[in-house]
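Structures follow.
Common to both upcoming complexes is subunit A, partnered first by subunit B, then by subunit C.
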Partner chain A sequence: MTEMTIRVVLVVGLYVFIGNSGILSFGHVSFMSIGAYAFVWISCCTLPALKPLYLPGLPIVLQETALPSPAGIAAAAALAGGSALVIGSILMRLSGTAASIATFSLLAGQYALFRNWTGVTGGTSSLANVPVFMNSAIGTLLAIGAVLIAWLHHQSRYGLMLRAARDEQTASKASGVNVWLVRTIAFGLSGLIMGVGGAMQAGFLGIVTVDAFYLDVTFLTLAMLIVGGSGSLSGAVVGVIALTAVTEMLRRFEVGIHLGDALLALPRGFQEVGLGIVMILVMIFRPAGIMNGRELTVGHFRLKR
Partner chain B sequence: MIHFLQTLIDALSLGSLYALAALGIGLLFGIMRLINFAHGDFVALSAYALILPSTDVVSTLFIGSLSWPLLIAAILTFGVVVALLSNFAVFRRMRTASPQNLMVVSFALGYVIQNLIMTVYGARPKALGLWSSLTQVIDVGGLRVPLLQLVTIGVTAGLLLGLLLFMRKTPFGIQMRAAADDFRMARFLGVRADFVIALSFAISGLLAGVVSLLFVVQTGVLAPTMASDIVIFAFIATVVGGMGSLPGAVLGGLLVGAASSLLQAYLPDGIRAFRDVFVFLFVIALLLVRPSGIIRLKQFEERV
Partner chain C sequence: MNAAVPPSLAAEAVSVTFDGLRAISGVSLTLEKGEILGLIGPNGAGKTTLVNCLSGFQLPTEGRVRLGGQDTVRWDAAAFRKAGVARTFQGGRLFRDMSVLDNVEVTGVALGLSRRAAQRKASELLDWMGIAQFAHQLAGTLPYTDERRVGIARALLMKPDFLLLDEPAAGMSDHECEQLTALIRIIRLEQGCGILLIEHNMAVVLGLCDRVHVLDGGRTLAQGRAAEVRNDRAVIDAYLGAEG
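Then we have the complex of A and B:
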């Protein structure tokens, strides 16, 4: 449950940029990583001697402080959002496939940087004893917050202009939309949400490693967004719920189910394989995802398209 | 001078490997706008075909125990079959899909293959000594060059020449170039779409087989994610060279390989670990100057 709220935050973060702009980004997990490490830098390690030992490259001020978790989350949001804004302002001069590949090289570059920057990130070794603040209540609260932010952005003129640029770039330019600007704003906002997601992950597991923020998470979160349908905010949330249910089910099958006396169990690793196959099938038979670009509606309350 | 020449050969051989991988990716992009994230997993799967399926730490040779001409033929065939199978099982059903969906599907397919490898062979890396005589170092006028580097460069040059002739001189190659140029027009003129796409998958799989052999001999290690580094660089190479252009893919591969070898050789010790970071920065910078890569093709420019 708590894990699912983290995923909601991450996938909604992706949606803010990918869903509204239509540009596939492989690089947003970088901001998750930045968020998680920002959380460690600010809030980690209640034992005073631990941080200087782990991370001798940090500025002295940071080495000696360990602020409470909310400050860490705020720092994660600020640092991830800030760096996403700067990086986005550069990358958003590209469009289409070139932009997607550039975000991929962002992910690989950030991974290589954090892996080797031993003094500041601990390199390949994992940082343990990160304060654990997550429970399902806090997780749900943050997830609702993320959905709310995404919804506000979706409703704002920036969201509208961004979707206009997604559907018809040239016409929207001709109508006075500054495509670069609205994309950069969405990139920054979505990086910020991813950063919070990273801090949540750190504060859930109590342990941070560079490898936790690479291709696997990228794949899982993208899969959730696309399977749910990247065309709508409901799609993002539905995708998380659907794929979490599928993986949970496959995990059960992997452990084995009892049929009479026989224990039926799928081979290990089938969870991932099954997830990939589900995703391929959704793409073949329902290319726009489960929600197909529509929003869930409750009575008269509905999102503007 | 000697040091420089040695670095140059390093650069060429690394660049060749990237160029071969980039070519396998660029070919499919040119014809069906598919950015094939599963290419690295084709490479890994071909490499794993060398050994018997088991999760043991020690690897037992399977195809790897054949004599070398048979071995090469078997692995290349295996690569071709893997690529063709994924075409028939997945990509054939997505003919009308958007490039984004294709990209996502290939990502998913790669994930499936990688996890299948982990399930069947185990997740831990395995040592595999294949053709260790190739790794010996020979002395050419004061230069000490691993034989394998020369083989890599030679094989690449040969393959490029062969592919060039195939694309220029044979009817199949000409059909492929026509399809890459304007797929719809080519179909009107009688080019069979299924055939051309299957053919490009086959060639792409063949190239994956070649890369897997060269890479396994070089590193002597099998791992489920063994090819992900090469493929990340190969992607970048196709973009740098110009999406969809085959000479561009080769050029991009050589350039990226040269950039990382030269940085490896000439960066100061303290920051050498950050070599890849510099390579990726260089790529982003280059994309900003020339968003459509070095060789710009007119059919990929957005038209209104």
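Then we have the complex of A and C:
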């Protein structure tokens, strides 16, 4: 459950940019990574002596501080959002496939940097003893916050202009839209949300490793967004729930279920295979995702497209 | 914007070259507020390229575009729109996955209105054009001719000084052409903008335009009052003759 709230934050973060701009980004996990390390830099560690020992490259001020978790989360949001804004302002000069490929190189570049910047990130070794603040209540609260921010952005003038540029870039310019600006804003905002997701991950596992923020989580979160339907915010949330349910179920089957005396168990690794099958089925029967671009409606309250 | 001196949109000796291929060469044209200027010529004559120059989508290789005396060298398409030059596209180019109302509203927010204010203006405009019944329909689901009208509405929001229409009547029946003609006439009458009309349908052109500018092979072949151009020998040979 707590893990799911983290995924909701991450996938909603992806949605803010990918859903509204129509540009696939492979690089957003970089901002999750930056958020996780920012949390460590500000809020680690329970034993003050650890930071000077493991991260001698950190500025002295940071080595000597260990602020409470909320400050760490705020730092994660600020640093991830800030770097996303700067990087986005450069990448968003590109469009379409070129932009997607550039985001992939962002992921690879950030990964290589953090892997080798040993004095500041600990390099390939994992940083343990990160303060654990997450529980299902805090996770849910943060997830609701992320959904709310995404919804407000969706409803704002910037969201509207961004979707116009997604549907018809040429015509949006003729309507007066500054395509670069609206894309950069969304890139920065989604980076900020990803950063919070990273801090949540760090504060849930109590351990931070560079390898946890690379291809696996990139493709898992993208799969969730695409299965749910990148065309709507509801799709992002539904995708997380659906794929989490499927993987959880497959994991139980992998462990095995008892039927009388017999133990029925799927072969190991079936979890990944099953996930692939689910994705293929969704792509065949609902190419625009489970929600098909629509929003959930509850009575008269309707998330307007 | 300045009421005393009505601005004009002018191409001055504009040439555009694509990889050595001359699309238009040395074309000059002035569009005044309140007039309807027809831009005709055979396919490939450079009509759309000229409109692209006049709306910031194409930088002239030589020559320049002036708006009310201002040079527009560093302007992009959004800057032209903000300065009051709006255009439509061949084939609509609507924002397909957005409602008709949102399609029109985008122009309003892009030009600085709040969403609420832009939405109100967009609703009023759709009402005025008689297409309010489509407001909440997805633009991608509209029939062809209604798509054109939404395209015009999108360009018309925020009362631009100049409206550039790229083949608005293509593929329309005679009856629909008449409706379109009436609509364009009302737009000029009530909004007072200068309209540049690219059109192949001569009934529409002669019915609407005060002046006509004829392009052929990227050069100006003739220009003048509609009735004069119609009887111009060179124009008949190059263009009208082909249609009988």
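FYI, the second predicted complex is superposed on the first by the 305 of 305 C-alpha atoms of A that agree within 3 Å, B and C clash if a C-alpha of one lies under 4 Å from a C-alpha of the other, contacts with A are read in each partner's own complex, and residues count from 1 in each chain.
Everything below uses one rule, namely that a contact is a pair of C-beta atoms (placed from the backbone, for glycine too) under 8 Å apart; a residue touches a chain by one contact, two chains touch by 3 or more.
Because the structure is predicted, anything quoted here is derived from the model rather than measured.
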{"item": "Touching partner for A:178 - first (subunit B), second (subunit C), both, neither", "value": "second"}
{"item": "Contacts of A:104 with subunit B and subunit C, given as first, second, both or neither", "value": "first"}
{"item": "First (subunit B), second (subunit C), both or neither touched by A:294", "value": "neither"}
{"item": "Dominant toucher of subunit A (residue count), subunit B or subunit C", "value": "B"}
{"item": "Subunit B versus subunit C as contact partner of A:170, first or second or both or neither", "value": "both"}
{"item": "First, second, both or neither for A:284, with subunit B first and subunit C second", "value": "first"}
{"item": "Which of subunit B and subunit C A:157 touches, first, second, both or neither", "value": "second"}
{"item": "Subunit B and subunit C contact sites that coincide on subunit A, given as residue numbers", "value": "170"}
{"item": "Complex contacts: residues of subunit B adjacent to subunit A", "value": "35, 90, 93-94, 97-101, 103-105, 107-109, 111-112, 115-116, 118-119, 228, 232, 235-236, 239, 243, 273-274, 276-277, 279-281, 283-284, 287-288, 291-292, 302, 304"}
{"item": "Touching residues on subunit A, where the partner in the complex is subunit C", "value": "155-157, 160-161, 163-164, 166-168, 170-178, 231, 293, 305"}
{"item": "For the subunit A and subunit B complex, residues of the former touching the latter", "value": "22, 24, 90-91, 93-98, 100-102, 104-106, 108-109, 112-113, 116-117, 169-170, 215, 219, 222-223, 226, 267-270, 272-273, 275-277, 279-280, 283-284, 287"}
{"item": "Subunit A-facing residues of subunit C, complex", "value": "55-57, 76-78, 81-82, 86-87, 89, 93-99, 102-103, 105-107, 109-111, 114-115, 118, 154-155"}
